[in-house]
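In what follows, structures are represented as structure tokens.
Look for subunit A in each of the two complexes below; its partner is subunit B in the first and subunit C in the second.
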Partner chain A sequence: MNAPARPSGAGETGGTVLRILRVAAPLALIAALAVVPLVDFGANSAKVLFLTFLWTTTGVAWNILGGFTGQPSFGFAVFYGLGAYTTALGINGGLSPYLTFPLAAVVAALASLAIGLPTFRLRGPYFAIATIGVSEAVRVIMTNLQFTGGASGYRIVESIPFRQADHYYSGLALVVVAVAVSMLVRRSRFGLALRAIRDDQEAASDSGVNPFTAKLAAHAVAAALTGAAGGVYARYAAFISPDGVFAFQRSVAILLMPIIGGVGTIWGPVVGGGIYGVVEEELTARFPEFHLLLYGALVILIILFEPGGVMGLLARARRLFSRRKDASWQPS
Partner chain B sequence: MATLLSVHNLTKYFSGLAALDGVSFDIREGEIVGLIGPNGAGKTTLFSIIAGSQAPTSGKITYEGRDITGIKSFRAVHAGIARTHQITRPFRSMTVRENVEVGLQFGRRHHSASLGKEAMEILELVDLHALAAMPAVTLSVGDLKRLELARTLAARPRLLLCDEVCSGLTESEMQSILGLLRRIQSLGTTIIYVEHNLPAILSTCHHVIVLNFGRKLAEGPPEQMRNDPAVIEAYIGKKTEA
Partner chain C sequence: MTFTDYLNLLISALLLAGTYAAMAVGMTVIYGVMKIVNLAHAGFLMLGAYFVYELHERAGIHPLVGVLLAFPAFYFLGMLVHWVLGRGIPVSDEPTLASLLLMFGLWLVIQNIGYLVWGTSDRSILTPMTFATLRFGEITIPKIGLVVFCGALVSLVVLEFVLHKTWFGRSVRALIQNRYACRIVGVHVEHIARMTFGLGIAFAGAAGGLLALLFPFSPDFGRPFLLRSFVIIVLGGLESFSGVFVGALILALVETFSILVIPSSYQPAVSFSLLVVALIFIPGGVAGLVSRVRMRARRAA
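The block that comes next holds the complex of A and B.
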């Protein structure tokens, strides 16, 4: 039988440093982002960061189902939109905004069950196609629903005056929760089941995993986070319409981020969300129609040359680096 | 010995074609039962139906006296029936040990706390413990067969369905797998063993069931099956008088 291929012991201290960095870097990032509103470096930058938090949250959420579980969905705008409308109705109904966010999560999670029950009987591309259909259907229904204003949209009137920092911290808190949930899922028994399903659904079932309920649960967790992001967005935007929050483009944007950053990893969607959130603003401003084409080209390039996204590139660079180091350590 | 599994009049049609046609037999607790037959005889289909991967067209399966016909495969595992696949299906993103942990975590209704230790014990049983930390995709064919067995064993099955665990192996690898099956049986697991390789079956099994064209051709002790004219005909062909 072959011995383990990798020589160990070469990087003991390097490993410890890496482990400390792995905990310290995210904490430092959170701390830095938390002081941003205090420094007041411009309303527009704060707005871009806030929207980036929301984008990242949806990307991290999508990744739990599309990445960890291997069930790519093209219908996450449904959860974003339902979350947005839940918060909108809640605030106008007199609820505290902070109460409407968890409510938005619950509504989105319930919707995910309604969508998942029939569509998770389908597999692979058929599931992805079904999610497009469901998402378009919900958009059309919302466009014709009278009590939310139909196609002309819905205005949110809050009694508290607008404060940028409130929104900013809501977004930051949400993205931190999303990443924490993603980490917990990844390391849990539940996460092991999701990985088994992604690798081989039948073998997973033959090992005692119930694929149907595990996928439903992953869908619900992802939908809840996405719904909360929609809620936080609605409160900020103060006006939402079906063509905005339920747009198919939004569903595509949500899955773009994990693909750019690295599908199925913890930090990939965060990196992808960061890139997308910042670049998106610039691109839409400069090329209002053209920017989607650029993303399309980017995705093709990623799938062709580095399906692991940015995280895949980093891993490749690390391997290259450590191979060189190992070579110099060899006694021959 | 008590009957553990009872298959009654099992039939499976694939768009008009009978893969299984009224197959019935009993499996007694504690035996290694060989299931043999030429290609396309219905062996793997029979396994898939017992393990819940497919539903039969008609017929009945009882296990521990309970009707389990058409049960879902993860429920079959929880009930104590686990299968290996002819073409191994490792979880490709996982290490050898994580593969076994899936079986440990989900294969039984009550999962234990000392997972890591148990995983290593099972890997030691199949002689894969030295490779525990390796990615499953790096294993050789023979080691993948062991991993497939290890993952199934992690579910602590009462009835183990082994689908051609020896195909594609060298003679010495095969002997060591057969030894392993005997050990698993001696630890109290009943085994149904599908195999193409007749010497492997005849040297390992207590009882042999022969399938041909979806029907049960014969059943009995291995020595008797070796000399059964119908079995010889199915495998080699009919003797013609010149």
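The block that comes next holds the complex of A and C.
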């Protein structure tokens, strides 16, 4: 599952335009999304966008571990769920909601260390299998835990009246933070170490990277973002249950987004999250079983034909396009 | 707890172990030859259950006959799947993430086709045997458990025979040891790989049918059993057939006797925790542990 090589600039001027676009486009997108609640084009659209932000955040987070580092996890629902429950307990305990989100991130990161310390002794696929075991075990425990209501769930009572915009901006801020973190990680020395581990763990280890601590750190960063997303979700939903936030389906959804969009790229999980979030909200209501069937088929097709996902397809299209242009320049 | 209570628990553990072994052996075969962690195993277990169920409900075919029919049906289904996904699941030396995710996608597809066809409600196969028991004084043996155990045992014996006495079986065992040497001596690796995949799926389907006789099932039937299969083959050392029996026995004993110490609502967590513990502390499984002890003994001698 190698990410496609970074496409080189088409030419001097083309490169500059592309570079400006690369900075301007995300900013324009953020600005456009920030204006949405002011325009007020319907509560439902705002809700779909809000949930899409949360999905995208978890996808971006997963990608830091599963994409950059090449350690796919089937257990991210653990962090999402723990984040959700932390926020729920915090709000009911009288804390400000905005204080509980970082708290949720911290709790999820601590959990990631507890999970990672034993499981990162395993390589790639074995780690992936172990995470299924961990997440199922956590779900069973949460279903039986009495002080959080067990299987019947937990209700959050907030003293502040419900305002859609508050939730919307929390979600937007979170997804911006997630993408920023993902960019920072990828460009940093740490990100280089992660990619080295993905490509060849022995070689990375020989060049002075400690794979174990690097993986733990990547896991913690990813878990913190996922936990915060769980927290924001819990505040919005006002009711959470182990079968919702800790469900295996949630882990599945979290890893589907980067795979659809393009594993190991910055914008892949964002594209995947956008597709997933919108399709999910539209499809789930109408065909509850059909959408996972669709995603399963999509995963098979992506792995077989375009491991780079949507970003891979785009890169391929661009190569095709620039090759044509190059060919037309050839004097005949 | 009296002595007979313990004995009853032990018997039910042993019966469960037989079924578990049949369930996990399909995964071992595929892993051994192709180094693919077959996450779609869960899907085929579920399909097997519904296969036997449908034959029983619609055609009135006895479930055990249904299990027998599941072998050829799922063998060809497995070959078909391997043919369709051919380029995604090559024979490799170590498990790849691509094949893992591919099988995961396949599992999602199978599971949700199951939901489309059969809905979300639980079904079960009821026969006159289901609630019958055999009594020997204080000891009671559930009849259905015994029958399923015998079915599992017979299929495993046949598998052992095939693996040791036929050309195909020898090729499979050779492939597990060394793929390159196989090519040199004239084993058609891709062909054997396809047949192996069929064999693994055949066992998954049949084991699903056997499990359906014991437990109620829904399209999500396979998930807990997927994890259990994985615990078993990890305990057994991933590629060893005799290891599967040991792994199945350990898991069945732990699951059965953990009821005495752990509340039953927490019980599902036991096998999942055992998976993590086994993966981390005995990566070579029991087979690896035994050979390590043997090596140490030899060095000491």
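The criterion applied here is as follows: the second predicted complex is superposed on the first by the 319 of 332 C-alpha atoms of A that agree within 3 Å, B and C clash if a C-alpha of one lies under 4 Å from a C-alpha of the other, contacts with A are read in each partner's own complex, and residues count from 1 in each chain.
The rule is simple: a contact is a pair of C-beta atoms (placed from the backbone, for glycine too) under 8 Å apart; a residue touches a chain by one contact, two chains touch by 3 or more.
Bear in mind that the values here come from a model prediction, so they are computed numbers and not experimental data.
More residues of subunit A are touched by C (comparison of subunit B with subunit C).
With both structures placed on the common chain, the touch criterion links A:A193 to subunit B but leaves subunit C unconnected. Within subunit A, the residues touching subunit B in one complex and subunit C in the other are 1.
By the touch criterion given at the top, residues 51, 53, 72-74, 77-78, 82-83, 85, 89-94, 98, 101-103, 105-108, 111, 127-128, 130-131, 133-134, 138, 143, 151-152, 154-155 of subunit B touch subunit A in their complex. Across the complex, subunit A meets subunit B through its residues 1-5, 189, 192-193, 195-196, 198-200, 202-211.
Interface residues of subunit C facing subunit A in the complex, by the touch rule stated above, are 37, 85, 87-88, 95-98, 100-102, 104-113, 115-116, 223-224, 226-227, 230-231, 263, 265-266, 268-269, 272-273, 275-276, 279-280, 283. Interface of subunit A with subunit C (complex): residues 1, 70, 72, 118-119, 121-122, 124-126, 128-130, 132-134, 136-137, 140-141, 143-144, 248, 252, 259, 289-290, 292-293, 295-300, 303-304, 307.
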